[in-house]
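You will see chain A twice below: alongside chain B first, and alongside chain C after that.
Let's turn to the complex of A and B:
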């Protein structure tokens, strides 16, 4: 089992750092899956325990100049690691000006993801910093726990307004309530609403647009106007939603929110080379 | 005492005060013939700092010729005088420091723009002279670097990190984080930074060695060094002997003396990298070297899959016990001269008290040079219960010393 990757391009390093930053804001600990083509950061708290799930997919080719992987076995050319993204972030943050950066799996005092950066120095010799980030190697029998989360049948899918706008609204609402009602319909309308004994606050978004796939499932084309304006709603923990919005470093090219009424809300953010899915379970 | 600081020197003085207050709670101020000394020592007495401003630093410098004046002030109150560095730079034209022993008042007067006067009257205590005894000229190893180099170096270590280990040989300096023996290694992120000798202005290494010292105190010095852009010189010897970080200018001399961990407390992971460790030759292609399979084998065969992936830190079977001879080596002590007997007694009492409690970090105390081994060091096949005993006693001291 071996892994080694190298970044030389400043922009790639910067982008990769941003993604790791996002991940580290979403979770303290996550699983990193390495395959020949992709990297996946994932988090699967059991939904039953009120947790959220995350699935972030990166195509290695758009970040790494070298990417060598020799998986657990020839017929399972993959590696699964338990990682504290904060550690990786710290290693990347202090090496932003590196001439080149290597990430490799090493055997030190424990299995480590070693980040070795070649920093600019005052002399012709290079200045090398290495960070050994302890990781847990996940044995093969547990791999089945880390499948891409299945997307439940959604009632409504809708494009999100600029995440920053949403964040600003929710940051205010958070001061008033712990829970938020997120509702949307197939007519491009979305509401963020809080209701307490003292106050009801609601923010309305319109003309957001619905992704085309919605109408293809089932009776889509024949939907009447009543059906189109029917709101699907979900109650969520406002802190979890806030955390998700606060973690975003860049505005994605596409951001879609899908609601399964009273069950779960699913966000998918699409960037050029990265996709991030995030599931927040409904609260009772 | 009466002295006046003008212009940009006010900011230098302010930065010095800030730098000192990061380290100790009390500031010792002593006007001497060769200048005004500002000193402090940290609460565990493992770090000492001294700024000596020569008479030329001041526009006016008068010190009492016949009487000896020494005073101890709460660092925070002096810091408050120089609270905002940015506004200080813009508004303060002159700062006057007067020490009136009859009224027991230390007065800072800030002459600001538009004729504004800010006067701070601080009370102080008479005190013994705080003077660490160290001899940096006898140190066999001297490194001098631009502050930027050291600032960039410490940047790689997390702010929460307490101590850093510096190991040197003829070609390079290696910094890495020091890990307490009781930390779980599978949780600790290890960072290593290698600086080649040519990056230093001066690089004199007679003895290859490895020392561990507090990072926080060094950061305090670097803040000052960076603002003054004065090169930093590092004087050190073997582990257990203090390391001195020093800045010199025509009107200023700064010394930070930090205790280093003595050798027996270096954790096992240093033993292989001790004095003769050469820089690991970077293999042309180390992809093949980093084979993880043995871990997997261990994991697959083991019943407790979770545990085997994080092996316990290996116990060094030969941790030498505390030897008496250590006490003879202490070259580093703080002389305290007291003028009256009562104070001396008080001081002695304090001594006993200080001595009675183990220093926080097993550092050789600067004052007393004692190293108190915790019980976990005494027995090597320590079972967890014994470690708990040790940590309990440490907890008590933690309560004692805020």
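Let's turn to the complex of A and C:
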């Protein structure tokens, strides 16, 4: 089992750090899956994490200049690691002006991801800073627990408004209530609602647009206006939604929210070379 | 399109309807009095008066004149209601409290009368938020009976100068002592804290002093904890009038200029600390 990778481009290092930053805001601990082509940061829905799950996919070619992987077995050329993203972030933050950055899997007192940064130096001697980040190697028999979360049948999919606007609204709503109703229809409309003894607040977004796949199933285009304006809704814990929005540092090129009524809400954010999926379960 | 310019259904069933193109003209001034949860609203044809009290010892009033609003319609002589101010402020700033130049949240506020919620319509960039804030049984604020004919001493200061003094006040002192006098030391703020006493003196002919009308030497003490919230109003204001009456009651009137350059007032009344031995 071997893994070593190298980043030489400043922009790539910056982007990779930003992604790890987002992940560390979403979860304390996660699983990192390494394959020949991709890296996956994932969190599967455990009761301990409140049923939230996350799936973040990076294509290694967009970040790494070198990427060598020898998996656990020839017929399973993959590695699964248990990682505290905060630790990786801390290491990356100190290496922002590095000329190059190497990440490799090492065996110290325990398995570690070793991050070695070659920092600019005034003298001819090189200045290398090394961080050892303890990780857990996940045995092969547990791999089946980590699959891309299956996407349930959604009632409505809709493009999200600017995340900053949504974050502002949800930050205020969180001051007022613990739970929120998120609802959307196939007419490009989305509502955020809270209701407490003191106050009821509803924010209405319109003209958001629906991703094309929604209307292509069945005789979608001929859907009646009643069907188009029917709201699919889900009750969620505001804190989880707030955490998701707070973790986002750049606006994605596409952001889509899909609602399975009273079951789950699924967010997918697409950047150029990263996609992030986030599932929040409905509360009763 | 701001809400206020939209044509609305006739508002006959509302006893109060008001619109603002920029909600900050209301939210900022309400923040200056937000030291307790319950706020008493009194609307008349002149505008809106919002009152917050603490322990019957301190009272803050914010006045927002009818002219500040783009529309201000009232169908009764006087409309009173009480709401939770924290909730109201969260609603008013639903699109964020930060200021982006050129972007304003428009507000339309309606109230149908006793037992009805206060309804807010907020709009920014085509996104609309509707808030219904349940009103509470109104508790009439106490009347401090602060009357200008009983005023003994009065000074008007540039807020900057008082802001500086307040930011450096020794907060370990339980009280703030204010001395106003026609002779030395004219206008003095004193604290008595853990590390000793401190006095701030303002000469009466200072540039900071816009008006000096003191007729009699008066020294009064006020609880620091009661005066502390008034610094919010101080930081917003450009001028402040400090007055004391014959019983030692303190009135602080702040002149606040809003985003559009219009002027509103915030007023704090505070009763003197009982244990003063003169």
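What to note about this one:
One rule holds in what follows: the second predicted complex is superposed on the first by the 279 of 284 C-alpha atoms of A that agree within 3 Å, B and C clash if a C-alpha of one lies under 4 Å from a C-alpha of the other, contacts with A are read in each partner's own complex, and residues count from 1 in each chain.
By definition in this document, a residue touches a chain if its C-beta (ideal position, glycine included) is under 8 Å from a C-beta of that chain, and two chains touch if they have at least 3 such contacts.
All values derive from a computational prediction rather than experimental measurement.
After superposition onto chain A, the modelled positions of chain B and chain C are compatible, with room for both. Of the two partner chains placed by the overlay, neither chain B nor chain C lies in contact with A:178.
By the touch criterion defined above, A:198 reaches chain C but does not reach chain B. Comparing chain C and chain B on the residues of chain A they touch gives the larger count to B. Applying the stated contact rule after C-alpha superposition, one finds that A:134 touches chain B and leaves chain C untouched.
In the superposition on chain A, contact of A:251 is made with neither chain B nor chain C. In the superposed pair of complexes, A:229 makes contact with neither chain B nor chain C.
Angle at the C-alpha centre of chain A formed with the centres of chain B and chain C, after superposition on chain A: 70°, rounded to the nearest 10. Judged by the touch definition given at the top, the superposed model places A:62 against neither chain B nor chain C. The gap separating chain B from chain C at its narrowest, counted between C-alpha atoms of the superposed chains, is 6 angstrom. In the superposition on chain A, the residues of chain A contacted by chain B and by chain C do not overlap at all. Within the complex formed with chain A, the chain B residues making contact are 146, 149, 155-156, 158, 185-196, 198-199, 269, 286-288, 290-296, 299-300, 305, 309-311, 313. The touching residues of chain A, counted against chain B in their complex, run 1-4, 68, 72, 87, 90-91, 94, 104-112, 121-134, 136-137, 139-142. Remark: chain A residues 161, 164-165, 168-169, 171-173, 175-176, 197-207 touch chain C in the complex.
Residues 84, 86-87, 90-91, 93-96, 117, 124-134 of chain C touch chain A in their complex.
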